[in-house]
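Remarks on the structure that follows.
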Amino acid sequence: MSHLPRWWPTVVFFVALTSMPLWLHDGYLLQLVFRVIVFAVLGIAWNFVGGYAGQLSLGHVAYFGIGAYAMTLSTERIGWNPWLGVVLGAVLAALMAMLIGSITFRLRGPYFTLSTIAAAEIIRVLIQNQDTLTHGAVGTNAPLLFQPPDLDAKFFFGAMPLLGGAFALATWIHSSRFGYRLRAIRENENTAMAVGVNPAVDKLLALLPSAMVTAVAGSIYSSYFSFVGPDTVLNIEISVQAALIAMLGGAATVWGPILGSIVLTLTAEGFKTYFEHTHLVVYGLLLIVVVVFLPGGVISLFQRRWRIRRQTGPIGAQQ
Amino acid sequence: MSFVQAFLNGLLVGGVYALIASGMALIFGVMRLVNFAHGAFLMLGTYLSYYGWTLLALNPYFAFPLWGAVLFLLAVGIYWLLVRRVMGANDFLQILLTEGISLTLIGLAQLAFGADYRQINLPVANRITGFGPLHFSVGYILSFAVSLALVIALRQFLGHTEMGRAIRAVAQNRTVAPLMGIRVERVSAITFGLGIACAGVAGALLLPIFWTNPTVGGPYTLKSFVIVVLGGMGSVQGAALGGLLLGVAEQFTAYTWADRYTEVVNFVIFLLVLLLRPQGLFGGKA
Amino acid sequence: MARILEFEKVTKRFGGLLATNDVSFHIDEGEIVFLIGPNGAGKTTVFNLITGYVKPDGGTIKFAGRDITGGEPYQATRLGIGRTFQVVQPLPALTVRENVMLGTFLQHPRRADAAARADQVLEFMGLRSRADQLASGLPLAQRKLLEVARAIGTGARLLLLDEVMAGLNPREGEEVVGLIRRLREFGITSVGGVEHIMRIVMSLASRVVVLDQGRKIAEGPPAEVVHDPKVVEAYLGTKFMAGGAR
């Protein structure tokens, strides 16, 4: 609704971002921005379930890992083109989402969150212990989705459509009937049912794209770093990061996760140059800051400043 | 390794689990707080124990009250500073805050202590004792004994002291309690302190028989949740029994299947209980 | 007149408590029927049974001739039963308009249409000026109106109002009574209500059903029912004095 005058900044942003490899030649910086993009995608995807529908999932890494492993193992064992593996990963993630969702969405509040953690951990342990099939805890090399030279640029251009697609999907959800139904579920499931919403179905419908996008992000990410292993693609930390990025930037907003990813990735990177091993402290403190001072996320600062009518309030306005 | 041995091993380690989970049950039952930082405090307990022994020659089996007191004070401080702001807020925020505290503590531990594994060598803990075909490490027995004693002491405290009664009153009805002259904020702070102290002391007792590193707490947070759900949310008694049960279930899994699947057992039990019998094995409020 | 709601021999147990004990009543199209009875009589349970928040242990419930026994709340809403809750449950982080839109989306899939229809409902309820405020910022009386607005927005034919007057002062109550009389403008032909305030019941109801401890003990036009000795006894109060309620 109020996107019409706001199209300009969006277009400028995407054009500038997409063109980056053409004018930014520093490999290190390109990698940094690449990570910002992938984590923004992660945050946007998580947002469908966590921000809009209000279901705090801390098990999204399961889909990230499925994407990464599906691509790697199908290339390695069946000889597929890795891009086909990416598609396979998305499909498997969708199936897994249906399974996990049908179990976990029966629970509410902290029970739901814990069950998502449990589900992701079960997957991690199973993969970690299947040495013959999955290379177990050691992991293995992930195939390259692009061929050298200029890998940094190519991966960058590969990630942009993913970001663009996720962004478009988020924009649609935000002002659609579906998006409102999700928000109703978040605010009060009983009331939602009283206005004809079927929470069970809608939660799953939100989880499907969420899982699939996360899986593709997992594939691209692991391909870029040429590695899959339980510690890198099935680590609960990634689940927390996805949630943190969305919350930090502004849950249930389209730009929030992008802002959140920028703030988080740059902050963590900044600290790393001075102290090693600080990313946990950074995440932890940012989480605390968000909860205590900025429950609406960074974007709420801008909303207040520019007096943009808030389309939705902060998560859980029952404060 | 026989069936009986596995069962008894399970009970021994289950005793320590009971202590950890009792702390979690207390916090959840009284404050309705979902504490994702439980394991991180356990980890702090292990490090207090570690440095207490290596630097000050304080035997964990004697010094644990000291570590408990330190963590109690730390927890009360964190309650006043942070936790009290999300009391009554929705659990989304509670989970995120406690997770944030957890990550911060783990991160600080990594910076302060380094990420490597640490172990201590306590001669008494390493001794093996037993009868017949069964043998146990003395360390396990000591940790079990102290944990059990503390769980019983906790129950006595809750049942027979004025503060204990106040705590139970708040657990039953948070809105009415102030009308009876109970200072709910104060009770919450003390409950949080007690619950964390349980986790920390359990950590101190685990050190002689295991090892530690900054990330050791994570699985214990989840384990505590599993146990608390198993025993019936908020029931300290249920948590104690649930802890023993989980310990046994884990050892049986290791015995019949493989060590590395014990983690999965945790989660499977968790999901099964939540889906089939959400009020836990020992009833209580759903 | 068509029978829009049939509630037949319905029973519901909660553990050992028989909350609804073989209760039967109906609502014809065009009627305003109130459920009254002392506290704990099981009135809200009846609404929960009709709208599917609680599933009956026995009996049948039919809406416009269609069996809806044991259905889900969202199904009841989609079929045309709107309801409000005793304890108001708005969607706090959404605006007043958005709250109502959740209802109007059912009949108007396009956002602009849903918003326009929502504004019409808000106008009717006297909330139009607050359309852009967050629901969490509304005082109680407005929140009750919002609750009703949301239910109206769903395009309901039967509206179930659960103690909608509670917490309203007499002037606000009068406003709501006026609105209830005009609900026809929005296609709501029939109203079911749970109410404690007898003055309201007397002035609005075409028929009254009296529940006590899960059982129906009386039914009929309000003036008759208040004189029924069984009813007086159930209340054990002086509210029912010959000559009409206060």
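The chains carry the letters A, B and C, assigned in the order they are written, with residues numbered from 1 in each.
Methods note: a residue touches a chain if its C-beta (ideal position, glycine included) is under 8 Å from a C-beta of that chain, and two chains touch if they have at least 3 such contacts.
The model shown is predicted, which means the values in this text are computed figures rather than measured ones.
Undergrad: Under the touch criterion given at the top, what is the topological distance in steps from chain B to chain C?
TA: Tracing touching chains, the least step count from chain B to chain C comes to 2.
Undergrad: On a CA-centroid basis, which chain has its centre farthest from chain A's?
TA: Result for the farthest chain: C.
Undergrad: In terms of Cα-based centroids, which chain occupies the most central position?
TA: A
Undergrad: Kindly indicate the chain pair that has more C-beta pairs in contact than all others.
TA: A-B
Undergrad: With centres defined as the mean C-alpha position, give me the chain B-chain C separation in Å.
TA: 48
Undergrad: In whole angstrom, what separates the CA-based centres of chain A and chain B?
TA: 32
Undergrad: Let me have the rounded angstrom distance from the C-alpha centre of chain A over to the C-alpha centre of chain C, please.
TA: Averaging C-alpha atoms per chain gives centres 43 Å apart.
Undergrad: Of all the residues in chain B, which ones touch at least 2 other chains?
TA: none
Undergrad: Could you list which residues of chain A touch at least two other chains?
TA: Where chain A meets two or more other chains at a single residue, that happens at 315-316, 318.
Undergrad: So in the complex, the part of chain A that touches chain B is made up of which residues?
TA: Residues of chain A touching chain B: 54, 56, 58, 103, 106-107, 109-111, 113-115, 117-119, 121-122, 125-126, 128-129, 236, 240, 243-244, 247, 275, 277-288, 290-292, 295, 315-316, 318-319.
Undergrad: For chain A, which residues are in contact with chain C within the complex?
TA: Spelled out, the residues of chain A in touch with chain C are 1, 175-177, 180-181, 183-184, 186-188, 190-199, 309-310, 312-318.
Undergrad: Write out the stretch or stretches of chain C touching chain A in their complex.
TA: 51-53, 72-74, 77-78, 82-83, 85, 89-94, 98, 101-103, 105-106, 109, 111, 114, 132, 134, 136, 150-151, 153-154
Undergrad: Quick check on the complex: what are the chain B residues that touch chain A?
TA: Chain B residues touching chain A: 34, 82, 85-86, 89-97, 99-108, 110-111, 115, 218, 222, 225, 229, 258, 260-261, 263-264, 266-268, 270-271, 274-275, 278.
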